[in-house]
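The same chain A turns up in both complexes below, where it pairs with chain B and then with chain C.
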Partner chain A sequence: MELIKVTIDNKVVEVEKGTTILGAAKKVNVDIPTLCHFKLHDMNIENKPGGCRICVVEVDGRKNLAPACATDCTEGMVIKSHSVRVINARKTVMELILSDHPFECLVCAKSGTCDLQSLAQQLGIRKIHFEGKKSSYRLDTSPSIIREMNKCIMCRRCEMMCNKVQTVGALSAINRGFDSVVSTAFEMNLKNSTCTYCGQCVSVCPTGALTEVDDTARIIRALADPSKTVIVQTAPAVRVALGEEFGMEPGTIVTGKMVAALRRIGFDQVFDTDFAADLTIMEEGSELLNRLGKHLAGDKTVKLPMLTSCCPAWVNFFEKQFPDMLDIPSTAKSPQQMFGAIAKTYLADKMGIKREDLVVVSVMPCLAKKYEAQRDEFKTNGNPDVDFSISTRELAHLIKQTIRDFDSLPDEDFDRPMGESTGAGVIFGTTGGVIEAAVRSAYELHTHKKLPRLNFEELRGLEGIREATIDFDGLPIKIGIAHGLGNARKLLEDIRAGRSHFHAIEIMSCPGGCIGGGGQPLHHGHSSIIKARQAAIYKEDAGKAIRKSHENPDIIKLYDEFLGTPLGEKSHHLLHTEYFNRKK
Partner chain B sequence: MGNYKTEILICGGSGCKASQTVLTAKLLREVLEENNLSSEVQVVMTGCFGFCEKGPIVKIMPDNTFYVKVKPEDARELIEEHIIKGKKVNRLLYVDPKTKEIISDSKHMGFYKKQNRIALRNCGVIDPENIDEAIARNAYTALGKVLNEMTPEVAIDVMKKSGMRGRGGGGFPTGMKWDITSKSPAGQKYVVCNADEGDPGAFMDRSILEGDPHSVLEAMAICGYCIGADTGLIYIRAEYPLAIERLKIAIKQAREKGLLGNDILGKGFSFDVELKYGAGAFVCGEETALISSMEGLRGEPTFKPPFPSVEGYLGKPTNVNNVETFASIPEIFNKGAEWFASIGNEKSKGTKVFALAGKINNVGLIEVPMGTTLREVIYEIGGGIKDGKKFKAVQTGGPSGGCLTSKDLDTPIDYDNLIAAGSMMGSGGMIVLDEDDCMVSIAKFYLEFTVEESCGKCSPCRIGNKRLHEILEKICKGNGTLEDLEQLRNLSKVIKDTSLCGLGQTSPNPILSTLDNFYDEYLEHVHDKKCRAGVCKSLMKYVIEPDTCIGCTACVRVCPVDAISGEKKMSHLINQATCIKCGACYDKCKFNAILIK
Partner chain C sequence: MATTEIVLKEKQVQQIKDICKQFNNESGELINVLHKTQSLFGYLPSEVQVVIAQELNMSLAKVFGVVTFYSYFTMTPRGEHPIDVCMGTACYVRGAEKVLEEFKRQLKIEVGETTLDGKFSINSLRCVGACGLAPVVIVGDKTYGAVTSADVKNILKEYENK
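Now for the complex of A and B:
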């Protein structure tokens, strides 16, 4: 490792060769503002097109200013990060960016969490000295994501996420000069593109150019309708992130307060998607054992590995990009949809109401769930199993509209029967969690022995692709895990090429899994936040009395009273789905 | 000339072809055939002669008779008079505008006298579609010499000693670039020829590729040998169909002769060339954007380092040189580094090709030794300003360059002097402006170009240039303020200081240099609401001078909006509210009774 010495604002610092000026500045606590630059440390995600030119600094001996994010330090470099020349340039560039931006901050969905807005404040912009043409693009609304490209500042973060990380290829810069903007191919609507609605573009957009479709108003309307019974389910990753929206430390678990808030907002019953996650394990785990058994018995028609199917963006991805492999993922519906299917049958019966009068709302860390809820195959006579799906951020907005003091709410418990869950259900919220939950149950169902341990450290972590072999009492089960669709693509291509040696693979579209979902509070590039959420998920799991899905008493009861057996006829009808070739 | 006694060279460059030289050549051949002269006289379609002002050019060899503005209908007379009767066709010969003397041999013309054609040595001389003609003029001897006599290190040393600097505009020492690329770890490497010529009015590279494609192919092979590359790529804009066609023919012929392909000249060195087409984006002339475009990505620059010499096309070390740079290289090896270094001045060696355009008598393509003064180029080679008007400025360096004034006329042209004077060499555009040009409008014109051609990646270039252009428009419309002038200067400096690539780092130059040299004109626009050149329509009006007007009504008849009133034989009046300032009346008036105010 070669060390070099540089001077930043008269502070001498020694850095490794290859360190950028921005990296060196951080070492000596010199704050250089950035805008397009975006880095998720340890997750191999970085956007540094060097395009915004906000981070420019003065380097002795250099003719023009250097972008700190993209310029490597060289030995003896002398850097001024806040000279008059730099400040003037920075403010002028910022004014230029703002001169092509709608002044709609008061009513913008991103107001308060907008990087552009906070940077304008930081730079003390009080007047924009330029006026002229402003970019004007049509609004593009899809089931999940709204593109309002008048607000695009060409930071290209979304493009990097969509292409490099997710390999979805829906977004790319088009046109030239002042007219350049990030768009879809041929400027088609997002819903006609290869977009999977993973929402990672939204989660990194520094402005209000990319936002989620806001369904909160429709929920308020449903809550106000006396003829409707409105119930809600909350996904595991929501409870470990929602607190951030109320100023709490990342990783704070707010399950109880969230339940209390939802009751106060007016939901008739507050349930847990974790319950449905346990149900998913029953079905998906049984399917895995079934496929595995046939495979081991020599049945060539059964394909392995089996891939998980609870992530809706992942489903969109393989339907659009790997339509030749639709028979590989598990047919089990996602927890959100299992919940909806059971709620509108079993629960509605129990409550004695018609499905049309029951409104099922889901709170998800995800934007693709909005699209998933609208899929035709998840409707009965046009009535969807899940009526509305809102993101963690939307829930926070909903709470802020109705409750003044979230922090001091009491902790309350979920309603039953669909609020009872196990630790296995909780860990669905992180990469590796679904497969760990499946292992906990499949092991015992297969071996009829009690698991010697519950924590499978070998399945945990944040590496993009992980693999482990779990000993099923003499039978080695090879497991693969991928998060981020680019990583998923690699595993899929291996399968297609016959190179895959796995029995089961868990895939989550978002980096980190649902904790890093497109509907979560914005992490603004701090991977420590994602790590804190992951730690909270495992903490929640460890604190649960029951940690194996098949031991959830309400799940057992559900099979006894209603479903029969996993993979049985009723389960097949209500809890399994099929996939379609959506390649265009 | 082979077996022929006489050769008729006719320009087959894009410009002259547009003036029907294909037809002229056909007619020349027909008349020769009629007179049974086809076996003695050959008609050769060459590349550009450079003297485009006088095109189409026909040159008869060996007596060096230079005919100008030759039309298809002149074909018969040329053959019957010149070839058969041996009598020159005087009406098609060049007349010196000053002395009014007829000059039939081009080397005595002012336009050619001071030129030294190295890169253009074969343009207008050979048939670019016939490799034998190129070989007869020493094509591929340099490659032979390098492969036979030199190690790559020695050849790179020749390049270094020659003092050659990149002709694309940057002026980076070519030998050093080759050296760096050669020292990048061995493996797949590429030689790229940048033929994405994009400056408005520039056609140096096009003319070379159309007139002498082999010089470029030969130099690319030499470069390949020096840096350890077996693949050459020519990035050429699709708008150059003739250059593309001639390159394809040249590549095919070179392969057939074993001058490209495997084991060239039996020396164990293999090299081949492919064409890559650009869609005409100006920014793709920037080497990192060019590479992105070749890779099928959006044509956008990336920051350097890494330089292409280290990490270029497909991540491999890539040596990018411009067409003109390559075209000069074979002569360096044929005649020696010392010979090349003896031409030019201390820091800039050799010659430079310029596309001379604008308000100048001899519009065309010229090649002069570095160090030639602007005065020599404009007044001796260029023949001075058109219509006896007054010289105002010369714009060099294309849209990234600046405007130089009469105080700079004696500046020797080289990379460093032009920068010191507030402009730049660029790829060789040179546009002469006279008193009828409004300098604010000129700056606006160039900004319009850079606004259009900015890739949009970095904010200062994407938005800043747009804002600069808007301010200039405001000034030209008469709505400018003194604050706008300050804003122009501040914003220009920030754009230069903060932009990602060369385009944005230089795009405000036309504004800064006109602000420096013609601030009074800006002030007039802003303060007096006046455009002295009469270019900014919002700031001028056409008025009829009552004493001069005889009431002929000619102006009334051409006015498209019926803005002129007045009785016959009485002085007329222009209704300013209706007038659209088209200038039709001004052009029509024979009595100079219409004035621009």
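Now for the complex of A and C:
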């Protein structure tokens, strides 16, 4: 490792060869503003096209200014990060960017969380001295994501996420010069492209160019309709991130306040998707044991590994890109959809109302859940099992519209029966959690012995692809885990080539799993936020009295009163689904 | 981008596949593949790009991105006599823009378009490397130097009955 010395604003710093000026500046706490540059530390995600020129600095002996994000340090380099020349250049660059940006900040969905807006403020832009052509693109709406490319500044972060990290390939820079923009193939609508609605493009977009479809107004209307009973379910990853929207430390657990807020907004019953996650484990875990048993008995028609199926962007991904492998994922519906299916049958019966009069809302860390809720196979006579799905960000907006002081709300409990959950349901929110929850139950159901431990550290972490072998009382179960669709692709290609040795694989589309979902509060590139959310998930799990799905008393009751047995006829009808070849 | 919808014949699909194979189906050879395919078909309709994306195992959006980036590539069929007007610096300062405007006016089409009878299409290029002849116009294989807007009518006349 070769070390070199550079001087930034009179501070001498030693850095490894290959470090950028931006990296060196961080070491001595010199803040160089950036815009197109984006980095999620420790997660191997970086965007540095060096295109926006906001991070320019002055380097002694160099004629032009250097982009700090894309210029490597050299021995003896002397750098000025905020000389008059630098500051003027940054302002000019910003004004040029803004000269082709609609001034809609007051009504823009990203206002307040927009990188472009906060940078313009930081640089003290008060007037745009340039007037020129403005871009004009049509609005592209899909079930989950809205593209408003007039607001695009060509940072290409979305393109990086879509291609490098997710390998979805829906987006690419097209055209050149002033006409260049990030678009789909042939500028088709997103819904006709290979897009999976994972929403990672939205979560890194520094402007209002990419946003979620906002369903909050429809929910307010449903709440005001006296003929409707409106219930809500909240996904595990929401409770460990929602607090950020109200200025709380990342990783603050706000489960109780969230429940209280939802009651005050006017939901008739507040339930927990974690309950449905426990139900998913009952079905998916049983399916795994069933497939495993047959496979070990030599049944060649049974395929292994079995892949999890609770992530809707992942389902979209394999339906669009691996249609030859539709029989590998579990047929179990996602927790969101299991909740909807049970709510509109079992619960509606208990409440004595018709399914049409019951409105099921879900709060998800996810944008693909919006699309999932609209799938035809999850409707009965046109009535969807889940009527509306909103993101964590939309819930924050909904709370801000209706309640003034989220912080001082009391902690309240979920309603029963669909609000009772276990620690296994909670950890569905992080990468490694679904398979850990499955192991906790499958082990006991298979061996009829009590688990010697509940924490499976070997399944946890943030490595993109992980593997572990869990001993099922003499039977070694090989488990694979991938998060990020690019990592999922690697495991899928291994399976296709016959190289996979796993029995079960958990896949989540978003880096970190649902805690890093496309519908979460924006992390602005701070991976420490994702780590804090993950730690909070495991903390919530550890604090639960019951931590195994099959021990959830309301789940046991649900099978007794209504479903019968896992994988039984009723379960098959209500809790399992099929997949379709959606390759175009 | 508007493009005429076409259905490729099996033989044409095979031709594209063969071109990709010549370049070992490597995604890094995309530009060469596009170049060769365009010289075969005259243009790169979306259906052709779909086959190329599949063969090179890359995203369709990326292929489209490259096709739209380079002015040499076109998604509309070029005319029987494609007109290329050089808009490089030398040609530009010597009046290439006026020449281009005159072609557009006479043929009633924009840059990148083809006349309804399929005879002419107009394209603008950046420097063909013949700056001494500026402004330069190329029609098919023939190069015209020191072109003025007054010459446009006569140039077009040459091809009227061809």
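Assume the second predicted complex is superposed on the first by the 584 of 584 C-alpha atoms of A that agree within 3 Å, B and C clash if a C-alpha of one lies under 4 Å from a C-alpha of the other, contacts with A are read in each partner's own complex, and residues count from 1 in each chain.
Here, a residue touches a chain if its C-beta (ideal position, glycine included) is under 8 Å from a C-beta of that chain, and two chains touch if they have at least 3 such contacts.
Keep in mind that this is a model prediction, so the values were computed, not measured.
Superposition of the two complexes onto chain A shows a clash between chain B and chain C. In the superposition on chain A, A:Gly132 makes contact with chain B only, not with chain C. Of the two partner chains placed by the overlay, only chain C lies in contact with A:Leu171; chain B stays clear of it. Residue contacts after overlaying the shared chain place A:Ile556 against neither chain B nor chain C. By the touch criterion defined above, A:Thr184 lies against chain C but remains apart from chain B after alignment on the C-alpha atoms of chain A.
In the superposition on chain A, contact is made by A:Thr194 with chain C only, not with chain B. Of the two partners chain B and chain C, more residues of chain A are touched by B. Overlap of the chain B and chain C interfaces on chain A: residues 172-173, 175-176, 180. Contact residues on chain A toward chain C in their complex (touch as defined above): 163, 168-176, 180, 183-187, 193-194. Residues of chain A touching chain B in their complex: 49-54, 56, 64-65, 67, 70-72, 85, 88-89, 92-93, 96-97, 99-100, 129-133, 153-154, 172-173, 175-180.
By the touch rule above, chain C contacts chain A in their complex via residues 1, 3, 46, 49, 53, 58-65, 68-69, 71. Listed in rising order, the residues of chain B touching chain A in the complex are 281, 298, 300, 302-303, 305, 451-467, 470, 487, 490-491, 494, 496-500, 505.
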